[in-house]
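In what comes next, chain A is part of two complexes: it sits with chain B in the first one and with chain C in the second one.
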Partner chain A sequence: MAIDMTPAAGVGSPTDLEARGLKAAKPWFTGNMLTAFIGGAIGYAFGHWLGNAIASNYSVVADGAGNEVAIYLSLIIGCLGWFVGLGALNYPIQKLLGLEPIDPPKSEKRSFWEHFTYSTDHKVVGVQYLFGMLLYFLVAGLLALGIRTELLSPVNHIWAPDTYIEIVGEHGTMMMMMMTSVIMGPFGNYLIPLMIGSKKMAFPRLEATSFWFTVPSFFILLSALWQGGFQSGWTGYAPLSIQGGPGQSDYDVAFALMALSMVAASINMTATIINYRAPGMRWSRMPILAWGMITVAFTMLLSVPVLFDGLYVMSLDRGVRTAMLYAGHGGSSFLWENLFWFFGHPEVYLLALPGFALTVELLPVFARKPIFALKTSTAGLIGVAVLSFFVWQHHLFMSGMNPDMRPLFMLTTELISIPTGFLYLVAMGTVWRGKIRFEVPMLFLLAVFWNFLWGGVTGVYNSDVPVDALVHGSFFVMAHFHFTIMGQLIFAVFAGVYYYVPLIFGIRLNDKLGKISFWIIFVAFNSTFLPLFMIGLLGQPRRVFEYALRLQHLNQWVSVSSYVLGFGILLYVINLIWSLAVTRTPAGPNPWESRGLEWQVGYPVPRDNFEKVPVVLRDPYGYGTGDDTPVADLNPVGDMAAVVTGGDA
Partner chain B sequence: MAVTQEDMNERKAYAKKAGWRIFAIWLVLSLIGVALVLYVWGPHMPPGDMTTSAASQQFDFKVLTAMVVPVLLMVWVYGAWSLINFHATKDDRGDGIPLRGNRKVQGIWYVGSAVLVLFLAGFGTYELINGNGVGSGEGPSPIWKPTAKHMLVVQVIAQQWRFTYRWPQFGGMETTSIDLPTDTTIQFDVTSLDVIHDFWAYQLGVKADANPDVNNVAYTTTSNQQGRFTVRCDELCGIWHGAMYNYGHVVSKSAFYSWASSMETQNASVTKLLPPFATTYTPSYSGAGGGYYPSYDPNGHAVTY
Partner chain C sequence: MNKGARISIVLVSAAVAVGLILFGIFGYLRTYPPTVVFTPSPTQPHTVDVTLQVEGAVGTGPHPNWVGWYAKDAQGKWVRTTLYQVPEKTYVHVTVYEYDSGGPLRNPYWGKITGTVGNDAVLNGKKVSVLDAAEGNGIGHTMVAPALNLSVPMWGLSGTEKTFCQSGPCTLANAHNTETFTFYTGNHPHNYRWQCFIPCGAGFLNGNGGPMAETGYMAGFWKVVA
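Right, the complex of A and B next:
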């Protein structure tokens, strides 16, 4: 087991370096988000000029003014400029020049401004992710309210049909691509080193990069709204996506940036969890959140490159007029459908699994019992992840592609119910004879199981080909995945944020407001999405702005519920911001009486997490055993310490 | 804290007592629930039984719901029992009983869920094959075909943003509306001239993607029910996707034949100008102004029925 002995960042002083025969780099400019925007703008302009210079005759739409090469290059080089402006490239460039970079001295106290810079501290990155993801989620959520407003009436329209499709596509894409990181980003980055007893992440620069990819990705995707958007929805089916204007190029580049972010984050996560566990942190003692993270990271590593590949092919078709996805010229629209869903189905489990891992992680704290069948919950996570690669064709049951494979894909899809069911077994076993504390996070956790049950059982309907012939492409499917993703993942995130704010910021959220917001969110969520199953069964396809008159009342019910849901989420966010900025009620060292190693470190988490590498003695779920000794020895002495700290204890 | 034999006995006794009660409540509620699904809601479940495929979809939906209701109730009854009985109070904020697993319970769960899932997969496969694809698009060379000797062939041509229908058995005419006869097996050949669409005839229980350059075949057999059905595009196809729908009718055989032959006469002058009937058509690049496919279609796979 590798034990990292170097400080979290930086390598000594210039005199040290000279003594070792190395040449220190003079401090260059240190970038921040502002200089990054300037760099991005310069890169954008340069890329646009370059594209027009080398390919001014290329355009997707014959005789159209748009030159997609210029648009792609402006976005790609703009992103490069963004990283230069951020100062992210200082280190590799200095290394390339044979110089030894020196990081600025670290202060124990984190400044507010630090969160707008390219920071390699995993706790700063975690907080960056937390607020970044909340922002992306709220923007995409606002777009959902735009959709529901249009659907108030089947005949009177708020949006023009093109605006409506833009909003639908933006909402879907932003949610599906950004929310892959809503748990791995904030919780994974912040907590995993604390949970496994590490002083830092394996690849702090990769970790910082993974976050700073999401920012240009978000802005590029959002900018599509002002460029005619993309008509193809988040699935981007060719040849519809080949027809699209510049907004479709934004989709390509934004999604590709997010793909890079996911790959960077998962390389860092797997390397950290495999190599940076403290002594005694055996696989059998590893917290379930860490299991969730490593499972998801492997799934990302295997599936996301396929998406990247698909986007590359689509960009070539659009930018330089190849015809790989276009039937008219010898390609096939089936190619994109396969590439996309080979990523796209594991992707929905990338969304679901972290939610489950976090839920199971927090459940024993509030049930005051050990996790029931701990190994089974791990097996559940791994089983879902493995099976997720063998089910993608169930999105294409109606496509006309390989009908003889349908029984197989029906079987594999239904098999996923088994490992998913494990997580219910674990939850149900964990609450049995517990002493459940109905704190706000626990309420969200219980709601996860209520919501996901609907999502899970309706998944069986979708996987059954005869029933899928009825529900495919209808609001039924849409309701299904909102129950599995929003009802599960987002509820788990709400639980997680509420639970970990005391550790991250040392404060407690307002319990009363928390409970009110929970009940509004929970009731309104179910009131929004349960009727959508019916609407789908009664024949309303997805992504339409006109529907049967007889479905108007149901649609109105849903729309009004969605406003209430939006209000509930707003209350939750107000609670978060109000408690952080105004009331700042101190939380105390371990407000939930958790046995987790992360809480043993406590608030404020020291810059290097642990003074010495801790020695882990047991798993963190031993509630009710009467053994109140901590899960890890933070100050190991004697022989053990000599072994684990390399002799300088 | 060592676990004494008394503790073990108490746990077992409680599990037995509570377990039987939970089981009894679950059993009663499940029986009621399943009966409601089968006999009250069942006959009204979508998409009705206007055709064989619609009836199969309805039947599958009913069976799945009858199996899902006990699963939902199991979690709900158990969950309600746990939340009511196993919560902390103001005076007692201690810990629960540290159970880390139970081999028997886990084993029953693994086996039970596996049996349920395998049954569902088997049932779905049987229904799929027995129902000749149950109205879903089976691609250009279908493997599950109806045995009917005479089938009415309807080609569905989707384009942004409308459906048209070609009738190879009626001189290859093309219509903008669709009527179908009762008690007839119908073969839909679904294709597209531009992007991916999806032909969803809701009451007929037919759903097949319309892919450019692909012939996607779906079968169904109408019953003796007459009435209107809705056709909607079910795959996002651009700005006016939401407005891509029309209606068709299932009418008596004689009404259908008189409709078809009057359409054939009415359209004769247009039919002459159409390209020969083929399973797919390649859109023309120079075809602006309505001539969306040329008569010398290079990729068109001409067929006769």
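Right, the complex of A and C next:
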């Protein structure tokens, strides 16, 4: 292998800004979240001024009072200012100036404040993602409780109708766009180098950038609530998206930033897994989570640019009065629908596949058995990813699409249940006759089986045109995707966080509180979403804040259940925060007795992960086989790596 | 850092988070235009009088350039709102002062008056059942409550009137049309949604969006109570 894997590669040596006479600029050069906010505010103000200077009264409607050019420029230049303040541009600017860029050194023990800086340490980025995603999820979840509060009664209203649809749009968009990174962000970034035996990520700056895109994206999206929201909902259909006010521009820019984040993360993940595997880490030995990450990364790389293109077209229609998406001006709303769903349906699998990968990764640890049919699960991941690009038009069955195309997309959508079934059956086979340890992560993993069964089976029905004609736009569809995404992905994340906290933070969560929170979440989740199938079949449409009086009792049941679900999730978060900040019960090395390479390095994870590049000897799933051969040689002697790989070490 | 300090930091952070959430909910999301309550006089128990005005720029609030409505409350003060509470089983006499300009309708059917007593209204002293938007200054706005079958178009002004009102609330010294009509609230207490059907959101594509979609401007409720 010719790749430079020395500790210093890509991260440099200690900085000496003072010696260069740049003492005053040190905070900017090192960068942190505070200077980023200042930079963002300056950029925002400048962008707004520039927009008004160059395009005053040049808006989506002739003589309209709003200047969308100013709004777009303020958000875009504000984001640029954010990155300048963060210090993200120091490296390329210094390179342009002919200086030799140098970064702050990575310390052995990570400080608390380091997590508020533009760090190129993959472990710091993983933790940043973990808490970032947690924040985004909780805010979006709170908005969901706002929705359910409104639906307590069909006649007495908590919100105004326009506020209600703003909240629905915010909830949907925040969940769907931010949660694409809920596994790749924290787990992918923190664990993949450890799992494949690498000392670093391939592109540490790209990795850091991918996280720091999510922060302005979140705040910009949230700010839409203060600007009239976006009535188009998360799908952004024209003409609503073209008619919308400034909140719609927030949606546009926030989604675009998140798209850039996904692309940056994917490029980094793909390059790392392909090029940075340790000697002996063959494809056949690679952990299933790494397979999940690379599959998802490729899917993102092919689908997300199409979304970005659509968002760019939307910004032109809104900002400079082009007419590509609005039929009244000669464009076509089908253009947006196709661009959006060409990303949007693979995106559903961008959410589901990491959940499956994480589930299959953890199950053997608690079943004390090897993964059943490891290659089949890999085939399942790849199969779902490939087929996901051939199903998007099932979202357009009722849109007036060419009816001759419906059977094709019905068939492709039904076909995708086959590789999905691979994953489900592999997971079941892994548990079958295992010596199951009913620890908290395992409880969440077992719940994934139950939840996904509901989501998966109803998904097969939804893909049929006649059924879709009946349930389209109803709560039935809403219940379906909440079972597949929240019931699968978020439960897997809860399992993953619980499982990996000892590795990341060296502490253990409170098991009693963990079990209580699990049972509340599991029961309340089903109590919330199962009745929604019935409510949908009885005719209640999504996105409408009034409904038939006869559905009030069912809706009240669901709303009260959602409060209990919220309480369960809060309990889980309290357990996490309290255990991290207050009790700090030491977990000890490898508390789950995992054979994964990531657990072999101990806590705290060394600065460069491994003292020497390890030599991988086998896959990490040999539980209960009686073969205690180590997974890897962490201190290979001499040119052992060369012997294993048959080439240069 | 000792355990007590860590506990304090966690609790203070939690308190700040809860404070932010409550501020977000009550400071913004629950911000709602007020409801003006109309009650019958003792001598006429099943009748209420409602006085409204609609204009081109309401002048206050977060969107001072948007079109919107005012209602006169019991003290005779103009309140910017589109939420009106009236009793059930009651005849509501509505007087609307129209201060905005008008134009042709995209659908002439919207010029028809329905749901009022007699399916007609009185415009500047003349009884009318249909307003022809192709004539004169056309239609400015409509008040449509589908569940009450109520649809009343408002005759527009010329935008070049010398005394054209620029900012609300307008006064009778400004150029205006006066339109009156009566409708029955029925036997079912309910919040009946009403909406202007004339796309009048200046600055939004085809006039849709903005004030058209927001409570307090061109959408609201007739709250019929027991």
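Odds and ends about this structure:
In this section, the second predicted complex is superposed on the first by the 609 of 649 C-alpha atoms of A that agree within 3 Å, B and C clash if a C-alpha of one lies under 4 Å from a C-alpha of the other, contacts with A are read in each partner's own complex, and residues count from 1 in each chain.
The rule is simple: a contact is a pair of C-beta atoms (placed from the backbone, for glycine too) under 8 Å apart; a residue touches a chain by one contact, two chains touch by 3 or more.
Quick caveat, the model's predicted, so the values are computed rather than measured.
By the touch criterion defined above, A:Gln243 reaches both chain B and chain C.
Residue contacts after overlaying the shared chain place A:Leu470 against chain B, while chain C stays out of touching range.
In the superposed model, A:Val582 lies in contact with chain C only, and not with chain B. Legend: residue contacts after superposition of the two complexes on their common chain; A:Gly622 is shown touching chain B, with no touch to chain C. By the document's definition of touching, of the two partners only chain B reaches A:Gly421; chain C does not.
Touch criterion not met for A:Ala524: it reaches neither chain B nor chain C.
When the two structures are aligned on the shared chain, A:Ser232 is found in touch with chain B, with no touch to chain C.
When the shared chain is aligned, chain B and chain C each come close enough to touch A:Pro161. Of the two partner chains placed around the shared chain by superposition, chain C is the only one that A:Gly146 touches, whereas chain B remains out of contact. Put simply, chain A uses residues 161-162, 231, 239-240, 243, 328, 546 to touch chain B in one complex and chain C in the other. Here chain C touches chain A in the complex through residues 3, 6-7, 9-10, 21, 24-25, 28-30, 32, 65, 190-191, 193, 201-206, 208-210, 213-216, 219, going by the rule given at the top.
Residues 59-61, 63-66, 142, 146, 155-163, 167, 225-226, 228, 231, 239-240, 242-245, 326, 328, 546, 577-578, 581-582 of chain A are the ones that touch chain C when the two sit in their complex. Against chain A, the residues of chain B that register as touching in their complex are 1, 11, 14, 45-47, 53, 56-57, 60-61, 64, 68, 71-72, 75, 78-79, 82-83, 86-88, 92-102, 105-106, 109-110, 113-114, 116-117, 120-121, 123-125, 127-129, 131, 133-140, 142-144, 190, 194-196, 198, 200, 202, 205-209, 211-217, 230, 232-243, 245, 282-283, 285. For chain A in complex with chain B, the touching residues are 62, 161-162, 164-165, 231-233, 235, 237, 239-240, 243, 327-328, 332-334, 367-374, 376, 396-404, 406-407, 410-411, 414-415, 417-418, 421-422, 424-425, 428-429, 431-438, 446, 449-450, 453, 457, 460-461, 463-470, 472-474, 537-539, 541-548, 622-627.
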